[in-house]
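Chain lettering (A, B, C and D) follows the sequence in which the chains are written, and residue indices restart at 1 in each chain.
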Amino acid sequence: MTTPPAVRPVLPQSADVPEPEVDMRTSLAWAALPNPLATASGCAANGRELSRFFPLSRLGAMVTKSVMLAPRSGRPTPRMAETPSGMLNSIGLQGPGVDAFVQQDLPWLKAQGARTIASIAAGSIDEYAEVAARLALAPPGTVTAVEVNISCPNVEDRGLVFACDPDAAAAAVAAARSATDPSIPVLAKLSPDVTDIVSIARACVGAGADGLTMINTVLGMVIDTTTLRPVLGGVTGGLSGPAIRPVAVRCIWQVHAALPEVPILGVGGVRTGLDALQLILAGASAVSVGTTVFNDPGAPLRVLGELRTALAERGFERMRDAVGYAHSALGAGADRIAPPVPPGPSLRAPSADGAGSGYDETAYDEGR
Amino acid sequence: MTTPPAVRPVLPQSADVPEPEVDMRTSLAWAALPNPLATASGCAANGRELSRFFPLSRLGAMVTKSVMLAPRSGRPTPRMAETPSGMLNSIGLQGPGVDAFVQQDLPWLKAQGARTIASIAAGSIDEYAEVAARLALAPPGTVTAVEVNISCPNVEDRGLVFACDPDAAAAAVAAARSATDPSIPVLAKLSPDVTDIVSIARACVGAGADGLTMINTVLGMVIDTTTLRPVLGGVTGGLSGPAIRPVAVRCIWQVHAALPEVPILGVGGVRTGLDALQLILAGASAVSVGTTVFNDPGAPLRVLGELRTALAERGFERMRDAVGYAHSALGAGADRIAPPVPPGPSLRAPSADGAGSGYDETAYDEGR
Amino acid sequence: MQVRGEALSVRRVGAYYALTLLAPGVAERFRPGHFVALAIGDESSSMLLRRSFSIYRCQERGVYGGTVEIVVSAHGPGTEWLASRRPHDPVDVVGPLGTPFALPREPASCTLVGGGYGSAPLFTLAERLRARGCRVDIVLGAATEERLFGVLEAKRMADSVTVTTDDGSLGTRGRVTDVLPRVMERAGTDAVYACGPMAMLRAVSDVAAGSGVPAQVAVEEAMACGIGVCMTCVLPVVGEDGVTRMVRSCTEGPVFRGDTVRWADVGTVPADCLGAPVAAGGH
Amino acid sequence: MQVRGEALSVRRVGAYYALTLLAPGVAERFRPGHFVALAIGDESSSMLLRRSFSIYRCQERGVYGGTVEIVVSAHGPGTEWLASRRPHDPVDVVGPLGTPFALPREPASCTLVGGGYGSAPLFTLAERLRARGCRVDIVLGAATEERLFGVLEAKRMADSVTVTTDDGSLGTRGRVTDVLPRVMERAGTDAVYACGPMAMLRAVSDVAAGSGVPAQVAVEEAMACGIGVCMTCVLPVVGEDGVTRMVRSCTEGPVFRGDTVRWADVGTVPADCLGAPVAAGGH
């Protein structure tokens, strides 16, 4: 079969050791990050509340809640429902509007020493351009990258989500890219709720996306068995948390296989350092922790520490060497249909000659 | 807001009471079932092993492992990976081929008194027709319905899955429908991994599907952090179990809203009677229990009992009255953006007149 | 702050469980009206979200260090998990959280209203108020006698205690707001404090407003994070500028002025709310 | 059958835990080589799949009724959960499962080979074999001394016991197959029985085949259900008709004739397997 990896695979459990020496630096396009750990949009608000638990400067990056052009109230409550190993949310992009975000949130984040990835959302192509243009008013060095959330209904196309159509997604990305300072990379955030995520990814990259964030939530729903109607005020909602990790890994794998040069900010179901490692091995250059922050506000730093230990145990000297490693480790033996090989001596010839067996099959009188 | 339901909502916890009187009969198209509980394809093999735990005749229906034209070995192992509240599988439709299935499995199932829903799969339109034609050789009364698994790669279209394209899905369904006895309903089993499940559903119904089974597994992946390569022999696999229940409920909801007359066999993440109730309230006429059987071989009957109790507690006299109930209970208030209403006396006028307050806001010296 | 605490004791009290947690650092920062968010299960639990509980009482210095006591009504998987903790079982604690009750700078007549387990934060509140020379009257209500919490404790610390139960099993048969006007009149109430179900808080706010008395109410909205990062726990509140905003009950609350909450519109987005109306949107 | 059992005791044995379960109805049907599938966690566990364990010993009648004892190597979340059970904790048991070892109809010389915790089922097997007048020689191997299981027990019931450890901490430094040919020669072995890691089973099968002696081996493949319904646990086995099929190790196994397993092709689909080659397929 395939050649074993050069690094040393070890069991996930590890003894307590001092924090190991691994070069954790990474980059998303030309945005250099000191480590690969980020928060996910909408799971850390705009940083103030999370900063009570640890300094935001210790994160590789901080992705802000998606902001639209105007202030937005969001959807009716209930806005959340717990599901097995996950949750549904129906926030509806509540936010202050891009002007207040640029005037109040971004300066505060800069003062904290955070590397801010600003997430933007819109209901039309023009609005994406306008939001990005307003964002560009922030002083240089305030925004590390822009993440374009295209999991939004397009009011110009019967409310269909941009992320579900290659052309609409591309148009939204192109609008944002054009309005954003060329020194700032633009990441397109992709929805998993599509037939072919690779074609959406190609369209976004072709439209100017410098990287991809994958994945946004999976569309889901819970019906309250007490009231006999949907729990969420918005009826359906976005499923996130460990439950969706396999979907995130698969999406990253598929897109990295098709577009190995495109940096990916992996997100979806990361709870532990080994979860983060899976996304990295699949092709992510950095990883966002989302819903898990609700379970453990210190999760981003905990996951970072666990990831560092996991990389060291497996012989990686640099985090970047692990990016996409599983693809090369797998090699050509993807679907392992082996050709016939000579059997070892233990394999009985199909037509047994009866001699030398010392035992007749039928002599066994139980267990068969 | 919306009018409360006529039935009595109660808390999920219930006292132990005798099995209540609820008419549990249901139907999938013209296939009458004594109760709505079925096993899911591939999660009960072809019944023999499960029959060690309870009589198959007590199930509303028994959906068999998808069978193809010729015997099939399946994919390399490992074929499973546990995930948070779910599992990935990569079986590759291992089976005996339709001839052996018709000659050995179907007669045995009939002798057990099972209502068998035979699941078929194929790699081309012609193969769907051929498998269905061979199935039709079974004596009358052997097959209650045919479930067409279209989550199979189409060898004539670069391995793209039939279920992901409306035209390919329709062609597969039409081929199976044409080759199946008119007295036997044909259900199309839909994949959730599509941009618009409603358009796939419409295409299948337009092609002759008498009902729909929703959902098949969600495409996912796990990378082994010890070997640093994908766990599954087939690289990617199907995600199932409680983790995907919200996706199943959402898909059923969307398709029932668009096609309220089309019977749905609901499947995906059902572990309890209340899970089953969610799928029924969303629009399912019957429910399959899949992965949960691995956790609890007696789950189909346990869930049936829990469902009966849950229906009785909520004042349903007939199971069929609950089908799609959440849609009518929700009514027109789907996205509850209310118009302004007169406030109660507690709501302070915006410009406070200062009088009668008895307390000045600034008099509070802590907690704000 | 976040601390890996542990259960010290779980004590049955009527229909509830009083759970004492070792949680160093939380007690020292506590004020009445603060809550804690507790992680449910271990790493293998399918229940990802924390559960929130008003703090009943704290001890900064005990044999074990700082302790936090909460009152749990076990009705779902999370609260039942907590009720089944045994001594020294680990419980991850985040707290104290939220905006607590504001205390008057000068002596005032305060009426405290608690519904069900909602009375939990009112006892420490009463102690703090009395320490400031305030008159304290307490009204406690519940569906039944065993769903009341702290009646005897209230009697030890209040100028008067009035009890109501829906079924009349203890005190006046009826609701807290049936007796509240009379209590407020007798006490010459300057301020009302309340904690309980949303419907009770709305009713208490209306009674207070009817008497021109300010009310501070501790709300209970479904929370995913409890720390202000997720935006799930919002409710419509009128600001100083007269504009209605969807504010977070876990940070701007749980304690709100009763006359700022758009009670009739909880669960909706009022059309005159900042940023409304919202078309079906992203997430 | 499925029974809601309970833990009676968890005992540390070297690197392992011996877990005794009350599981009425399982013990009565047990034969050596059978396994049980245990549910992990309660309803709120994110770990959905059962874990399989060879049955070490059973008691049909005890103070408590039928009991089942297993040997657990705690290395992942499921096995660690089991190792942390306390007396009377519930554990759902499905068993006995699988095809057990076949016993000779007439007295024969039997050599039993166990690797690590894999030796667990061999002690009851030895008892059953001796009851039929068989000579029993036992070879036990492990990485280290503490990863051996049952050395003293083997000495009480076998004609000879040979021990190997990779690190030489006990017995011969090396592997079981280093000593097996000599043991078989001395014992005049008619039949080999083995349970342990797949690599060991392959090697034992090769040694046995080299001596023209039939070997029965208890395999360990990843299982989702343990009861034959899911098709995840397969491995390539040559049938009586000479045709290779992917067969279920939970029903047609875990005990197989060593000379029927396509050891070199485990983890692949041999091109000459019935129904091969498979294009990337459905599920």
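Note that contacts are C-beta pairs under 8 Å (C-beta built on N, C-alpha and C of every residue); 3 or more make two chains touch, one makes a residue touch a chain.
Given the structure is predicted, the values throughout are model-derived calculations rather than measurements.
Engineer: I need the common contact partners of subunit A and subunit D, sorted by label.
Structural biologist: B, C
Engineer: Can you check which chain pair, B-C or B-D, has more C-beta pairs in contact?
Structural biologist: Looking at contacts between chains, B-D has the larger number.
Engineer: Rounded to a whole Å, what is the gap between the Cα centroids of subunit B and subunit C?
Structural biologist: From the centre of subunit B to the centre of subunit C is 40 Å.
Engineer: From the mean C-alpha coordinate of subunit C to that of subunit D, what's the distance rounded to whole Å?
Structural biologist: Roughly 56 Å separates the two chain centres.
Engineer: Could you state the distance in Å from the CA-based centre of subunit A to that of subunit B?
Structural biologist: So the centre of subunit A lies 27 Å away from the centre of subunit B.
Engineer: Any idea how many Å lie between the Cα centroids of subunit B and subunit D?
Structural biologist: Taking the mean C-alpha position of each chain, the two centres sit 37 Å apart.
Engineer: What are the residues of subunit C that contact at least two other chains?
Structural biologist: 43, 46-47, 267-269, 276, 278, 280
Engineer: Touching two or more other chains, which residues of subunit A qualify?
Structural biologist: Correct list: 11, 75-76, 84-86, 233-234, 241-242, 271, 335-337.
Engineer: Testing understanding: with touching defined as stated, what is the shape of the graph linking the protein chains, line, ring, star, complete or other?
Structural biologist: Per interface graph, the chains form a complete graph.
Engineer: Which stretch or stretches of subunit D touch subunit C in the complex?
Structural biologist: Its residues touching subunit C are 40-41, 43-47, 77, 81.
Engineer: Which positions of subunit A touch subunit B when the two form their complex?
Structural biologist: Answer in residue numbers: 2, 5, 7, 9-12, 75-76, 83-86, 88, 164-165, 193-196, 218-223, 225-230, 233-236, 239, 241-247, 249-250, 253, 269, 271, 274, 277-278, 281-282, 310, 314, 325-326, 329-330, 334-337.
Engineer: Which residues, counting only subunit B, touch subunit C once they are in their complex?
Structural biologist: Residues 1, 11, 13, 84-85, 242, 335-348, 350-351, 355-359, 363-368 of subunit B touch subunit C in their complex.
Engineer: Touching subunit A in the complex: which residues of subunit D?
Structural biologist: 31, 33, 46, 75, 99-106, 108, 190-191, 202, 205-206, 208-210, 212-215, 238, 241-243, 255, 257-265, 267-272, 276-278, 280
Engineer: Quick one: which bits of subunit B touch subunit D in the complex? Just the residue numbers, please.
Structural biologist: Going through subunit B, the ones touching subunit D are 42-45, 48-50, 52-53, 65-66, 70-80, 82, 84-87, 89-95, 97, 121, 123, 149, 151-153, 155, 159, 161, 216-217, 233-234, 237-238, 241-242, 271-272, 291-298.
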